[in-house]
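Notes follow once the structure below has been shown.
All chains are identified by letter, namely A, B and C, in their written order; residue positions are counted from 1 within each chain.
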Amino acid sequence: MIESRESLGITFEKATKVYPGTSAPALDGLDMTIEAGELVCLVGPSGGGKTTALMLINRLIDLSSGDIRIGGTSINDLGPIELRRKIGYAIQQTGLFPHMTVGENIGVVPRILGWDRARIRERAHELLELVGLSPADRWVRRYPGQLSGGQQQRVGIARALAADPPVMLMDEPFGALDPITRTTVQDEFLAIHRAVGKTTVFVTHDIDEAIKMGDKIAVLKPGGLLAQFGTPAELLTAPADDFVESFLGDERGLKRLALFTLADVASSEAPGTTPPWPRLPESTTVRAALSAAMAERAGGVLATRGDDVVGLAPLDALVHPDLPEAVA
Amino acid sequence: MTVKTRSTSSSIPGTCCDARTTTPRRRSPRPRRSGRPGHRDGLVTRRRALTGVAGAAGLLALGACGTGGSTGSGAGSGSGAATGAGGGSASGGSGVITVGSKGFSESWINGELYAQALRARGYEVDLKTNVGSAELIDAAQQSGQIDLYPEYTGVIVMTLAGEEELMDTGEGTYDFARRFEADRGVTVLNATPFENKNAIAVTRDFADQHGLRTIEDLRGIGDFTYSTYPENVSGGQGYDAIVAAYDLPNMGLQTLSIGLNYQALEKGEIQAADVFTTDPQLLRSDLVVLEDTKNLFGFQNVVPCLRTDLLDRVGDDVPELLDTISSLMTLEAVQAMNSASAINRLDPAQVAQRFLEANDLL
Amino acid sequence: MSGFAPAGDPVIPDYGDVSQCVANNDLFCADWFAAQWPEVFQPALLEHILMTVLAIAIGFVISFLAAVLAYRKRWLTAPIGVTATILYTLPPLALFQLLVPLTGLTLLTVEIALVCFTLVILFRAVLSGLTGVPEDVKRSARGMGMDQGQILRRIELPLAIPSIISGLRIATVLTVSIATIAAFVVDSGLGSPILKAISSPFNTQFIGAGALAVLLAFALDALLTLLGKALTPWTKARS
């Protein structure tokens, strides 16, 4: 059985879905193992079956053949309703219930599960603080219509986390956000993910988002076939086929730079000889740092921690970071 | 009964109001109208058509209920089905007396008089106002949906019994009506002193000028114009019949909508007009009603028609009470009540209530 | 047995004087209306409210159940919709005529007819309210583990309220109006004085009862609007 308050792995075993009235499968024999606590992004073009794969997990649609196991238990051994109550689910911001306050939205699943009022209220406050809507009292009684897109999305995440599910499913959760808000929410979600460690399956059509968010990425191609499943670095360094390569795009080499931060590449030179290069926090990705250096026509960037310069990263180091294995 | 019901009803939806209003008129001068001033043709016609629809529908209801409910027409068994289906019938032993009234204000007041007086004696009364024409309300009574309603003796003779030849006297008309209804399970109680029937009225000046007292006196006075409503030209009390019966080749015709004739008389556009004897306008205008020496217009006293099985069920106080009401319904009293309705614009219920109060019947 | 009742000596009550306004049949005689209010117009108004509210309540229950059924079984939408539309397009008087053989000249007949006229409006309002709930919201609800009943009660119905309320408003105004025709079947409601006023054209009675019907329609419409606002606090809470 699926137990709460722990992360569980998800295993796809020849998972196949053929929609009624169609001959071609939407998802074709997917074999994939997601380890407990991992964040796996499903990417691919429209018709690649990524949303299908997600909805199979919580049985919003049923498998045509094959199986999916969560923590070793087949999803078919649980009723769909019971299964869904144990899986956090977040979709685009419109998925919030417009007629319920923020607090009520977060409390939906706990209420179904029969939590008492005080516990639901406490949980809502705790989660609002976690997703950065603080102080919670200010937000809990508002309606979704009174929130910005980014705020709504934070509530959506809080809602998915409400009953502390062992697995989270997210379907393009940040799809409707503007780029700036999107970056912020992505960062916050990564922080939350690190903090709570939920096994998360994250559908996106945006390869950059997948590279940023995913511990691993599964690339699905038309016909519902798994093209490649691996870490972002593996994909970027060794695309399995032409489809993956073209999906990663012309800037595959540059995108790979986003896997490194200044902390990985900067040499710890003694201060005093600092050239007049742009100063960036050491958590900045190498890709962003390279971009900054080139924009300033500088020979490199300075990595900072607080106000202190802690390292030097000349262009050469930025363009050729260490091998990914060494970083991991 | 059922057959009659169906044939009547089936003819209604497709036929025009004119056909409905002229057919009974040929036989009887039923006082269908309130006889109020100010009628306009369009409204009156539409009103009749609508009343016909509601009434026809009522008749259909009676057919349906009659077959199911009143087969065992013994005392008190009137129509369980009617009660069940219609919810309004009274004769099912529930102790409720259902009173009906026809489709004009004099009948509405009359129905209120019965209903309110009976209530005052402790009876539970369900009053169904405006049921419709004589045929319809009669069918309602036959099927057990209505226990009691006021009817005009001449209407019973001509419209319900279908007699072509009229009786020479009011008593003769009454006796015929009583015997006819008795055979159908309906008891006819005492008739009212007043009648409401068609009559010919002329202005006082015109009467004085020619020494007019009866319709016969119109013969040989020179050409003059008589008015009636358009539907009443060729019927049994229509213009043609009057000319033939009284030999009046000098009487011209001008058809006018109901209610416009008083004005036309006053203006001298016409010299004689078809009126109803209880019309309050008749009182207000300075007119002379000419005597109908040949009894062309028949006799139209009101009688309470009561299902005999109801009579067996209730005490003697019901017929006694109805007799008392009838005796109070003199021409003067009925004209006053009609006037209260048509001129003062009081509700029929109010008119009846004040009359009953004034006569210590409430 | 008897024959003619002996002419009694009736006391003829004083039915009062007629104001010049009433005698002239002017457009509106306030004195007459005020005098008739307690005995004629007030009871008629109350009866009219009763007829309307009863018809709307019954019509709503039927339409609501039918709409929920049609929402679940989509193939039922067309047959139910067509049936309701046919009932709606029948002339009221024709419907009365069809019904009276079955139910008599009773309030039941009136209510059945009035209910028939509300069905198509209320059915469509409830159904379009339910189908109008965004797909994402429904998917979210399912994905969170709500069962069909919970989704209906907690998500779909609350979100359908604005559409349901606007359907109720239209149906109520319509019913107030059609209920005046009920006077052809039962002597009840504001149609009763209107009908009597038509038979002897008396303006005050006609206009008085007509105006009351219009005011009633406005009042019920306003009440429903307020009810709708009270039930949907989220709609006004836009930032």
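Note that a residue touches a chain if its C-beta (ideal position, glycine included) is under 8 Å from a C-beta of that chain, and two chains touch if they have at least 3 such contacts.
All values derive from a computational prediction rather than experimental measurement.
Trainee: Testing understanding: with touching defined as stated, what is the shape of the graph linking the protein chains, line, ring, star, complete or other?
Mentor: line
Trainee: Comparing centres built from CA atoms, which chain ends up most distant from subunit B?
Mentor: Farthest by centroid: A.
Trainee: Relative to the centroid of every protein C-alpha atom displayed, which chain's own C-alpha centroid is closest?
Mentor: The most central chain, going by mean C-alpha position, is C.
Trainee: Between subunit B and subunit C, what is the gap in Å from one C-alpha centre to the other?
Mentor: Computed value for the inter-centroid distance: 34 Å.
Trainee: How many Å are there between the centre of subunit A and the centre of subunit C, using C-alpha atoms for each centre?
Mentor: Computed value for the inter-centroid distance: 55 Å.
Trainee: Starting from the mean Cα coordinates of subunit A and subunit B, work out the distance between those two points in Å.
Mentor: So the centroids are 89 Å from each other.
Trainee: Multi-chain contacts in subunit C: which residues touch at least two other chains?
Mentor: Subunit C, residues with two or more chain partners: not present.
Trainee: Would you pull the subunit C residues touching subunit A in the complex into a rising list?
Mentor: Residues in contact with subunit A: 134, 136-137, 139-147, 150, 154-155, 158-159, 232-234, 237-239.
Trainee: Considering the complex alone, what residue numbers of subunit A touch subunit C?
Mentor: Contact set of subunit A toward subunit C: 55, 58, 60, 81-87, 89, 91-92, 94-100, 108-109, 112, 142-147, 159, 169.
Trainee: Can you list the residues on subunit C that touch subunit B in the complex?
Mentor: Interface residues on the subunit C side: 1-8, 10-13, 15-16, 18, 22-23, 25, 32, 36, 39-40, 93, 96-97, 99-108, 184-185, 187, 193, 195-196, 198-202, 204-205.
Trainee: Residue numbers of subunit B touching subunit C in their complex, please.
Mentor: Listed in rising order, the residues of subunit B that touch subunit C are 13, 34, 36, 38-40, 43-44, 46-47, 50-51, 53-54, 56-58, 60-61, 63-65, 82, 85-89, 104-105, 127-131, 145, 170-171, 174-175, 178, 189-193, 301, 323-324, 326-330, 332-333, 336, 339-340, 342-347, 349-351, 354-355, 357-359.
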